[in-house]
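Presented below are the structures under discussion, each in the form of structure tokens.
In the two assemblies presented below, chain A is common to both, partnered first by chain B and then by chain C.
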Partner chain A sequence: MSPPAMINRYRWYELVGIYAGIFVFLTFILSPFVEGFLVSLKPLGLLFSSPYRFWPENGSFDAYRSMWVSVPGFARYIFNSFLISTIVTAVVLVLVVPSAYAFARFKFRGSGALLAAFLAVNMFSGAVLLIPLFRLMRSFGVLNTYFAMIVPGVAFLIPSGIWLLRTYMMRIPRELDEAAFVDGASHFYTLRRVILPIAMPGITVVAITTFIGSYAQQFIFALTFNSKTEYMPLPIGLYAYFGRQEVIWNELMAASFVGIAPAVILIFLMQRYLVAGLTAGAVKQ
Partner chain B sequence: MGQLNLNKVQKFYGTYEVLKSIELDVKNGEFVVFVGPSGCGKSTLLRMIAGLDEATAGDIVIDGKRVNDLPPVKRGIAMVFQSYALYPHMTVFENIAFPLRVEKMPEEKLKTKVEHAARILHLDQRLQQKPGMLSGGQRQRVAIGRAIVREPKIFLFDEPLSNLDAALRADMRIELAKLHRQLKATMIYVTHDQVEAMTMADRIVVLNAGEIAQTGAPLELYHKPANIFVAGFIGHPKMNFLPVTCTSASEAGVEIDHRGQTALIPVSPRSGIVGRTLTLGVRPEHIQTGSGDLTLTVNPSVIERLGAHTVAYAALGGEGENYCAMLPGTAAIRADEQVKTGIRAADCHLFDEKGIALERRVEMTDIDLALFDPAA
Partner chain C sequence: MSVRRSTVIFAWILLLPAVLYVTVIVAYPLVDTFILSFTDASLKKTTKWVGTANYDKIFNATFAEVIIRTFVWTAFSVAIKMIIGTFGAVMLNAAVPGRALFRVLTMPPWIVPMAIGIFMWGWMYNGQFGMISGMLQNWGLVDGPVAFLAHGSTAFWATIITDVWIGVPLVTLYMLASMQAIPQDLYEAAWTDGAGRFYRFRRITLPLLVPSMITMSMLSLIATFNSFDIIWILTQGGPNGDTTTMIIDTYRTAIGSKKYGEGAARAVLICIFLSIFCIAYFRVTHRLASGESR
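Right after this comes the complex of A and B.
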């Protein structure tokens, strides 16, 4: 291994400081997850033993088996979450890509005001608008459908998507558009053949943030607009582990980890498209 | 055919007039270079011909057809951008093929055309590479290839070489000149580099502050600049300007006085110039050591020895104007040591108070045989 560049060389006490800082930070961030995972390994009876032991004594993966039995619909909840987030992401991308291109490239009256309005929408949390949204959904008769969870999700995720992608597209040299225009390409042809491929890393970032955002916000929409068990997404589904007498903590934790797993895997796969330097060689910088 | 006529073309940005009533005729097959300082409107003019910017007034006519309202592709032009503007995710082949793909040309024909263009530009070995793997010169050739495949009537180049280093620029200049001879197409080329303008152009259009300062063959601009701007812009180092007084004018020329020295400059006189202050222009390369029709003793403050030449800079008397002389490489001069420099009257240019040249008595056919028309 070659020695690090001069700017990255540190004295031993600086290195100790850096790693200590990283350790404290990671402990802070990760300890709930570690504790959650340890809880999922413990038998339920040992959970409330005193003195409390962090390390599971006779830990096992039993909870990961029994969770499917105590809540039979759990696979369906994961599927619902996944379905809702995927559709939300797809719809957001279809809407955001052309509008981000328009905001990045065309000058039109009111574009600044529109962008500011999008930002303002983002400042309202979905919770503030729950009651008007509920009334709207009821008058359209779409309560208790997937639709009721997808549409508000899309609406609240579009603004941040547009802002993210617009900034990315503004960095693509305008001369590429002009060159394509001189060669006779239409705006849509240019968008499809030139801008989209170059903007792929930006689009991936938007897709990932939208997917995660949609996963996270399902809870509030599902709780309000849906009461049908078969449409429940994962965050609501987890409530099934809250029994009348007791909460099955170990299975709840196991279910949380299993529920997140598909999303994590998907995001890892999408990261492949986050290659840097895709515009290398387009123009002289 | 690739004939271009600009008829009173104007461009306003808001109320600011960028281009003032440009009139220009470009013949088929001509290599015309627009040159001028930055901000003179040369790129705007090119973009208007391309159809990227709109003309505020006037007609842009290509092959007898007014094209003001046509998109670039219908005008029969192709453009090469300063920054190359290659598509980074496509191979060289796909980059060159792009305009043909837009036209939905059949695959077989497309392949032949792209390979033909690649052969002309020596890119045949690079067709499967991405632009990111190419050098600056190769990237620029890909950009030119994309222009060639469309077989346009007129090629437009917007400072295509300004991103290359000096050595590569010299090579590409020669390649572009060859390409022009090979394709026999009309080419319009924008640059701020007068060397590019002088070496490649059939005709140079010098633009200054939105107006055409002069149009002419490279040597015509050098030997017979129409005004002070062109005189100062063409040639390096810049022409020296000295304030002189006109003492008399006759058919033989105009007699001037510079601090007590008089000289007869062979230029066409103009009425009412006697007694006026004129500007005498002399190129640094036309100054010799020793005496001449006009002799100036100067004290050079900086001397640059370039091998082939020695360039001496001095402040002239109280005028503060820099005086520059380009002497032979072995000239025996030193900084801060007085030296006598001489100017031949025949080498001098003379400009009136408005900066308009009095025409020099030089036959262009004596200067450049290429301008000699045996039929005349």
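Right after this comes the complex of A and C.
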């Protein structure tokens, strides 16, 4: 038998060890979701009772119905999250695609330093720059609008987008640009007709990761720059289930699962591109 | 005009939109933070220069505690993330049936909106009715309910564990990718020479993973130092400030108490620390890269 096949053959105790390791690892990763799902099935009375019971006795999907009644605006929060993330993704792509191409293809004085400066943006979270950003949003007059969440959100997603797409574009053979250029095509024409079609898979990966980044991380700007209920994205909207007396935990968890369902479906559909794209960007450093 | 010159101009036209955007939304606020830190800016209409008063005010025993706490919190979180993340990557790198599914299953904490994952942990940490306290009691490991977020020392660790949970998927995927970049013929050569699986792991995989581990720890260090959502949602820095890191302290001062000037001084300190990490990161990755090509 050839070495590659033999080398991957495991003895039974090795298999047991590997599966045990994977089980322990995934238990840590997934237990909050399992518990969250079981909580969404339990009636509130069972949740607030001792001793603790893991399995939902007489559990039901009632919370998935009543959550829409207790917080009528919930659909709006999901819509807001989608709207914000979609616009953020579109703006990021418009800014990132040309710059990634410039960084991938052209060497000029200061290009290295400029790339480093872009990457350095990644080290500041929005939290550090919150005070001037707040003043900036106020002077733009966009506090308490969608823009207050979109404008700063875009800035912090640009660096990783540039990095990912630059890595991807560097693997496109240079001869293609040169051939087009020799044939008399302009720089702009080459980018639009030669590079963009080939880079489409890479652009897709950037679009997905940006969308997820925006969907998952739109907390602090929404918390600080917007106080209007009708513009709140999902993470802030979930606070509506925090009542005066107690948190309606089963509905909160049900609403969380409903809220993440679209993103999870997207990821399962796209997972092959996602893992390939992320790792391609990561390892090349 | 030479071709060379027009190329450079074209490159700058491509870069201009992104450069302008980041200048206005990141670079300008950075400068503004620095300027604000020397003023008494607040909700008042007028602001005046106060020199280094904001800095004098924060250099006291309480703030020193906040700095130390931030570093301890970050160090533990990064170390645990690296250990668990690398462990997961090693396990998921094994060519066993089902591994494609297992890899997808590691991603949720990273992909789901952070706030949602944190709410779930918040309920699990609940003393009266939460899962962790409940399980520990059912197994007879503790006598009464343990309210993890109500006591300083347990809240400190609880926030670390949740931060680790959110950070692990990225570490795992990154380390997994690095392992797959190791040339397969190294393993085949070792296998032909009769090296066992554990020996191959110790002598080939581990040494070749060290550069990736260093790179990832530094990236993780920067992200963890900035961690806000987790502590804010779980404890808001309490109880008694026992989970107040520099970011939380800055947010409380600036946004909570509306003392923009004092908050800005704190933010400047954070930026200084971050810059040191960032420079260290660039130097280390640069050295690793040049080491490889030698």
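Details
Methods note: the second predicted complex is superposed on the first by the 261 of 285 C-alpha atoms of A that agree within 3 Å, B and C clash if a C-alpha of one lies under 4 Å from a C-alpha of the other, contacts with A are read in each partner's own complex, and residues count from 1 in each chain.
The definition used in the following text is that contacts are C-beta pairs under 8 Å (C-beta built on N, C-alpha and C of every residue); 3 or more make two chains touch, one makes a residue touch a chain.
Since the model is a prediction, treat every value here as computed from it, not as a measurement.
Residue contacts after overlaying the shared chain place A:Tyr52 against chain C, while chain B stays out of touching range. Counting the residues of chain A touched by each of chain B and chain C gives the higher count for C.
In the superposition on chain A, A:Met123 makes contact with chain C only, not with chain B. After overlaying the two complexes on the shared chain, residue contacts for A:Ala180 are found with chain B alone; chain C is out of touch. In the superposition on chain A, A:Leu234 contacts chain C only, with no contact to chain B.
Contact with chain C, but none with chain B, is seen for A:Gln217 once the two complexes are overlaid on the shared chain. In the superposed pair of complexes, A:Phe61 makes contact with neither chain B nor chain C. Put simply, chain A uses residues 278-279, 282-283 to touch chain B in one complex and chain C in the other.
In the complex of the two chains, the chain C residues touching chain A come out as 6-8, 10-15, 17-19, 21-22, 24-26, 28-30, 32-33, 36, 84, 87-88, 90-92, 94-96, 102-117, 119-121, 123-124, 128-131, 133-135, 137-138, 145, 165, 168-169, 173-174, 176-178, 180-181, 184, 187-188, 191-192, 197, 212, 215, 222-223, 226, 228-229, 247, 250-251, 254-255, 260, 263-264, 267, 270-271, 274-275, 277-278, 282, 285, 289. Listing the residues of chain A that touch chain C in their complex gives 3-4, 6-8, 10, 14-15, 18-19, 21-22, 25-26, 28-33, 35-36, 39, 47-54, 81, 94-96, 98-99, 101-103, 105-106, 108, 111, 114, 116, 118, 120-125, 127-136, 151-152, 154-156, 158, 162, 187-188, 191, 212, 215-220, 224, 234-236, 238, 249, 252-253, 256, 259-260, 263-264, 267-268, 271, 275, 278-279, 282-283, 285. Residues of chain A touching chain B in their complex: 173, 175-176, 178-185, 189, 193-194, 197-198, 277-284.
Across the complex, chain B meets chain A through its residues 50-52, 71-73, 77-79, 81-89, 98-99, 101-103, 130-134, 136, 139, 146, 150, 163.
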